[in-house]
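Here you go, one structure.
All chains are identified by letter, namely A, B, C, D and E, in their written order; residue positions are counted from 1 within each chain.
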Amino acid sequence: MAVLEAEGVSKRFGGLQAVAEASLRVEPGRITALIGPNGAGKTTLFAMISGFLRPDSGSIRFDGREITGLAAHRVCRLGLVRTFQIVQPFAGLTVRENIAVGGHLKEPDRGRALAAAAAIARQLGMEAMLDAPAQSLTVAGRKRLELARALATQPRLLLLDEVMAGLIPTEVSEIVAVIRAIRDAGVDILLIEHVMQAVMSLSDDVYVLNNGRIIAHGAPGEIAANGDVIEAYLGQGAAHARG
Amino acid sequence: MLADPVFLLAVAFNGLTVGAIYALVALGLALIYGVLHIINFAHGSLLMLALYAAFFLFTLGGVDPYVAVLALAPGFFVFGYLLQRFVIAPISFGRDTNVLLVTLGLSIIFDNLALYLWTSTTRTINVPYAQTYVDIGVTAVALPRLVALGAALLVGVAFWLLMTRTDLGKAIRAVARERQGARIVGISVEHIFAVSFGLGTAVVALAACLLLPTFYVTPTVGYAFVLIAFTTVVLGGMGSFIGALLGGLLLGVVEAFSGVLLGESLGQIGIFLIFILVLLFRPTGFFGQRVA
Amino acid sequence: MAVRAPRRIARTSRRNFIAAGAAAAAALGMPALLRAQPKTVKIGLIHPMTGMFAYNGAQAFAGAKLAADEINERGGIRSLGGAKIELVVGDSQSKPEAAVAEVDKLSEAGVACFLGGYASGIGLTASQAAARQGVPFMSDTPVSDQITGRGLPGVFRFGPGFATITTAALDALVAINDAAGKPAKTVILVHEDGAFGSGMAKFLAAELPKRGFQVLDSIAHPTPTRDFTNIGLRLRAARPDIVMPSSYLNEYTLLARSIHQHRVPVKGIFSVIGGGASNFKFIREYNAAAQYIMDCNHWIDPNKPRSKRFVKALEERKVDLTYEVMLNYACMLLIADAIERAGSTDRAKISAAIASSTFEDHIMPYGPTKFVGGQNQGAQPATTQVQKMDIEVIWPQQFATAKAIFPIPQA
Amino acid sequence: MRLRSGQAGALFVLAAFFLLLPQFVTSSYWLGLWTLTLFYALLGQSWNLLGGYGGQVSFGHAVFFGTGAYVSAVLQVKFGFNAWAGAAVAVAAGGLVGAFLGAVSFRYGLRGSYFALVTLAFAEVFRVLVNSWELTGSGFGMLIPLRPGAAHLQFTDRTWFYYLILALLAAACALVWWIERSRFGAYLVAVRENEDAAQALGIDCFRVKVVAITLSGALASVAGVFYVQYFLFVDSHIGYGPAMSVNALLAPLIGGAGTLFGPLIGAVALGALSELTTLALGKTPGVNLLAFGVLLLVILRFLPNGLMGLFRGRA
Amino acid sequence: MLAVDGLHAGYGALRILRGLDMRIERGEIVAVLGANGVGKTTLNNTLCGLIRPTGGAITWLGEPIAGARPERIVASGLIQVPEGRRIFPNLTVRENLELGSYRRARRNRDRNLERVLIWFPRLGERLRQQAGTLSGGEQQMLATGRGLMGEPQLLILDEPSLGLSPRMVDEMFGLIRRINAEGVTIVLVEQNVVQSLGIAHRAYVLENGVFALSGPAAQLVADPRLKQAYLGL
């Protein structure tokens, strides 16, 4: 059974059809990627899955349970946690405190949550910044913090929204390793990503969203060869230029 | 009494004339809130200062308040402009809580400066037309009240023209919603902030000149209007100029009727209940736009 | 901050020591030494110098100051070797908690007695604090009957309390109405919604029917109120014979203007401690609206020579003639007299001297003072009426300077 | 997160200072001033819990203060309650008003200025109501009869009032200290910093805010109960007027909002400031407050994070 | 025309641009390419005075403008069409366009308005409509039109193809070429690599705050490093 199933999900903002009849499935034990050009509706789809937006139509099931329209914090408590593309740190708090907020979902004790936060930071290579205020972090640091905080909630399914954007290649490969490790630890992952290198090497399944519609679905290799996808990505004419 | 249509009409009309003053005071506040997104606690104190200015122009210089408008409105514009640009903005660092404290501090300063300079004596002026009553059929209205109502409507039209027909007005509206975009087309946001504060202050000066013939001035007179101005601004939709004007007129009428129904004392509750209900159920007010 | 206080106490006690020495010197007939050592008796004034009641506080201070200046010019407190009265102002900021802090502060600064209060809420808390410190407290204008009704030692009120004023007001109203052939039958009460106005209205609403008046309505309004037009309209619609307002000065002014503006056809306006009709400023500025308004209020006995001097002195000082000035002036004279008789700055002795006071040389229409449970028994208000540019006393008869003009002559 | 030795030392000095203060301050004026300062610190701490830690800035904290004062006064005067029992009910009532106000305004998603204004409006509604209602003494206000004795929460020796407010403030600080170190506190701060992120991490922002405003309301009503027992009088302007709302936010904002000792430091600083200006300039009405206003602006200009910013900046 | 030397900039402690050098000549279309978050928008904002650079120099028409106020930079003819359009949603389309000439070319407002409406006829149909109600593509046109109202000497277009349908993107790029042909120098900041290179004369590729590649567009199109950077192919 799929961990996550979205079926025919649509969302309209005023005159703009942000997501149209999008369907996707996340299978257990796999890393699923959602790609597409800017403005394609990926983040909107994420927001609907995680309960931040209510879809106009369609249904979302998590672990076989209907979660369409459920409030975000309830979705999170079921084990489905998202990160934000535009990072949303608790700017005034330290890295340790930031992560501990996530940890508190399962751990009421402050001391233990803080200790767990340190452990997660170590796992993500952030131990040096534990007591730095979140607002002093670099883009890469903030992305990592976003991931660490989500991870601290001990989720079943992690929705990662562009955690690699803006990272330098070495940082990207570090994060790729981290994400793999998370998957191996039994957390399923759905990610939005622009850094194609990472998508190709990480994911087992790729969905391509363009203008709010899923235009392709398949293994990374198939997707890379798909003319529609290349065109959607590099712009019109790219498929020919390549050939 | 309540079944008497003449009485009710008189109450309604009176509400309108009172609402005209509320509208003007609120218009200034709405402008400042709408553009700068700050709650100006010194607004009542500015009204008080303007009332004193008009009072002294009359008693010392023999200038009629209606004539004094010509000097006070520009004068207070400059005052407001400088206040925002050189006091409020630099001290508050753009933080909301600090803006709150700065305007609070300013109101403490103004109120006590007035107390120190002019003592706590209640001052009124005696202009011949204050005792002139115009019979409008249902009731006799003091001439200054009619003038205030007319002026409020006129200012409404003038503001509407300013906001829609001039580059300055368009720039103010642009800054109110999209500061980054405004900077990109070369609008100095700091300047527009100060201009808005100045305009808001100028309107308050106008309100003061209209109010003085039928009212009084003391160092604490502003408090009588601050809360009502906030209510008006919320009712009209935070930052909506037309909303503030109509909201003020409406509140005047509501106050008049709830005063008649519940008594002036308990009747104030009508205003605040409206205030709360609007905040809860239609926080954009009746004329504000929904913010995405 | 903490260390300064003991020093202050030390200073006070040194001064007491000098005072004692000076008294001894006086007894030994050494007047030269006395003049070389000018002494003062401190009186603490708890007045609202800032905040909502700042005007009233300033007026109250002016009254106390005038009295103190007169006493000092005439040689101060003789029994203390000509000690001068020094007024120490404690600003109550129109707030009880500030008033209490000032009472504490001035107690420690060695004041012999307090004078002040102004509003009932402030007076109640301030007098309580003074009682705790063992300093006598003379209330000036608070009318709440609880001021002296609580049995606090050393808390006095020279002026009349609530029950006295209202009863007197009703007597005056009935008498004036009877004299005119009972033209008035209906009344509307207009009052501010604080302690003073609400209390007044409640009492009047209960008492007026017993005296043959029908109360059509009782209209409360807040302080400040921005607009009185609606009340004017209501009055015009209800057509009462008499309107009885109880409000502070600003609201009173607006109300009188509104009644005038809407040509409410009343036979009389009779206020009870209405701030306006007993104020010459109001009469100067709104003479038309003020005409024939009657007011039962704290007021001087205008026939006393001292009152005439008092009024003249106020004119010289450009101080408005209001009841705060009168009562504070009179209270200060009373306190000075008590200290004179006590012959000491000892607070308990002053308190006892006030309690046993039979002081008569004041400006109020009270007769000799007689305190029972802190309340001056002879205290009573006067009823005044605005006639042309003057405020005439029309009741009680023995103080009257003019006859009441009632009902208002219709033009 | 546990106390560092420096902090423990500072705490010890602070506690010793306040506990021993009455030994040195024999002047009842100064003791009264310190009592008032601690009272303002308590009121500020209640605001701080909601506004400083939770980021929900209230302009109407008088609504809780007044409820505490009025409920305890009415219960004693009109229903013959014992003062202590009345106090307990009053504190519960303050919490209840907080819960109600929070439930209503947070349910409708009010934030920032909107929330601030709605609290202001509620305070005004309460003010008008108690001013018109017979039970609450209408315009007279409530005067609590003098009944000296600890059983009636009235002390003839005002040192006891000092210790009472000190104990109440210490308890409030302990509560805030504990919250700072609890899951709830972490959630509260998270909600202040970023509601979206908080929600994404499973925090029920609505519930957190309602709990915070309930606690804050209860604390403010403790201050209200103290006020009314100390001065034995409250009326609508004192209880629900805007002045008390301003007092509630001034101390924490000056001292440092969202810090444990911000309200205390702010209250002490404001007290000292107003004493100094009165001492130096108190002769003419208004001048001292004028100077107070100017100094307030100067502090804001140079210490935008409040006085606690001095310490934090160095850390 | 525009020279950038060793430019550093960032937000607070965040350092985003770390030493950029760049030259723009009159009449060119220069593309600045790069993935999300590499600092393209920071570069634009620094050029336009919205962000004060922490180091380096910007020389515009022979004058240093690093750290100058944005209104002065706009007045001198360096105008940006920002990412996310930043149109005034509460103003009408016409008012938006009029404000394009708030600081510059106010006297030629009517003439320029006509010109913009010829380029973007769809805006002409909606002059009285509130700008916030326009579709994404129309908003992009409006933002571009607004930029042109100020008679820019250099127009910086930040992601003009963002969120547009492929047909609209084609249309947009065609327009950019036409605008350039009328004498406006253009800096095109884009993700859409192929089409941008198709119309640009030269290009810079930004990676983590520094330019990783630069050169004539024709050369870069064929550069395998470019494709790798984007698709990982």
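Keep in mind that, in the parts below, contacts are C-beta pairs under 8 Å (C-beta built on N, C-alpha and C of every residue); 3 or more make two chains touch, one makes a residue touch a chain.
Keep in mind that what you see is a predicted model, and the values were worked out from it rather than measured.
**Q** Among all the other chains, which ones are in touch with both chain A and chain B?
**A** A chain counts here if it touches both chain A and chain B, which gives D, E.
**Q** Treat chain D as missing and name each group of chains that still hangs together through touching.
**A** one piece
**Q** Between chain C and chain E, how many steps is the shortest route if every step has to go to a touching chain?
**A** Minimum step count, chain C to chain E: 2.
**Q** Compared with chain B, which chain's mean CA position is the farthest off?
**A** Centre of mass proxy via C-alpha means gives A as farthest from chain B.
**Q** Using mean C-alpha positions as chain centres, tell me how far chain B is from chain C in Å, no decimals.
**A** Centres of chain B and chain C (C-alpha means) sit 37 Å apart.
**Q** So the centre of each chain is just the mean of its C-alpha atoms; given that, what is the distance between chain B and chain D in Å?
**A** Their C-alpha centroids are separated by 32 Å.
**Q** Could you put a whole-Å number on the gap between the CA centroids of chain A and chain C?
**A** Chain centroid spacing, chain A to chain C, equals 76 Å.
**Q** For chain E, give me the residues that contact two or more of the other chains.
**A** none
**Q** Going by the touch rule set out above, which residues of chain B reach two or more other chains?
**A** 112, 115, 119-120, 219, 263, 265-266, 268
**Q** For chain C, what residues touch not just one other chain but two or more?
**A** 50, 52, 54, 57-58, 193, 220, 222
**Q** Using the contact rule from the top, write out all pairs of chains that touch.
**A** Listed in label order, the chain pairs in contact are A-D, A-E, B-C, B-D, B-E, C-D.
**Q** What does chain E use to touch chain A in their complex?
**A** Interface residues on the chain E side: 12-16, 35-38, 133-136, 159, 161-163, 165-166, 169-170, 191-196, 198, 207-208, 221, 227, 230-233.
**Q** Tell me, which parts of chain D touch chain A in their complex?
**A** Its residues touching chain A are 1, 181-183, 185-187, 189-190, 193-194, 196-205.
**Q** Show which residues of chain C lie in contact with chain D when the two form their complex.
**A** Residues 1-6, 8-9, 49-50, 52, 54, 57-58, 91, 95-97, 100-101, 104-105, 107-108, 120-121, 124-125, 128, 132-133, 144, 146, 150, 152, 192-199, 220, 222 of chain C touch chain D in their complex.
**Q** Can you name the residues of chain B that touch chain D in the complex?
**A** By the definition above, chain B touches chain D via 33, 37, 39, 87, 90-93, 95-98, 100-102, 104-109, 111-116, 119-120, 219, 227, 230-231, 234, 238, 263, 265-266, 268-269, 272-273, 275-276, 279-281, 283.
**Q** Flag every residue of chain B that touches chain C in the complex, lowest number first.
**A** 1, 4, 7, 10-11, 14-15, 17-18, 21, 112, 115, 119-122, 124, 126, 131, 133, 139-140, 142, 145, 214-216, 218-221, 223-225, 228, 256, 259-260, 263-266, 268
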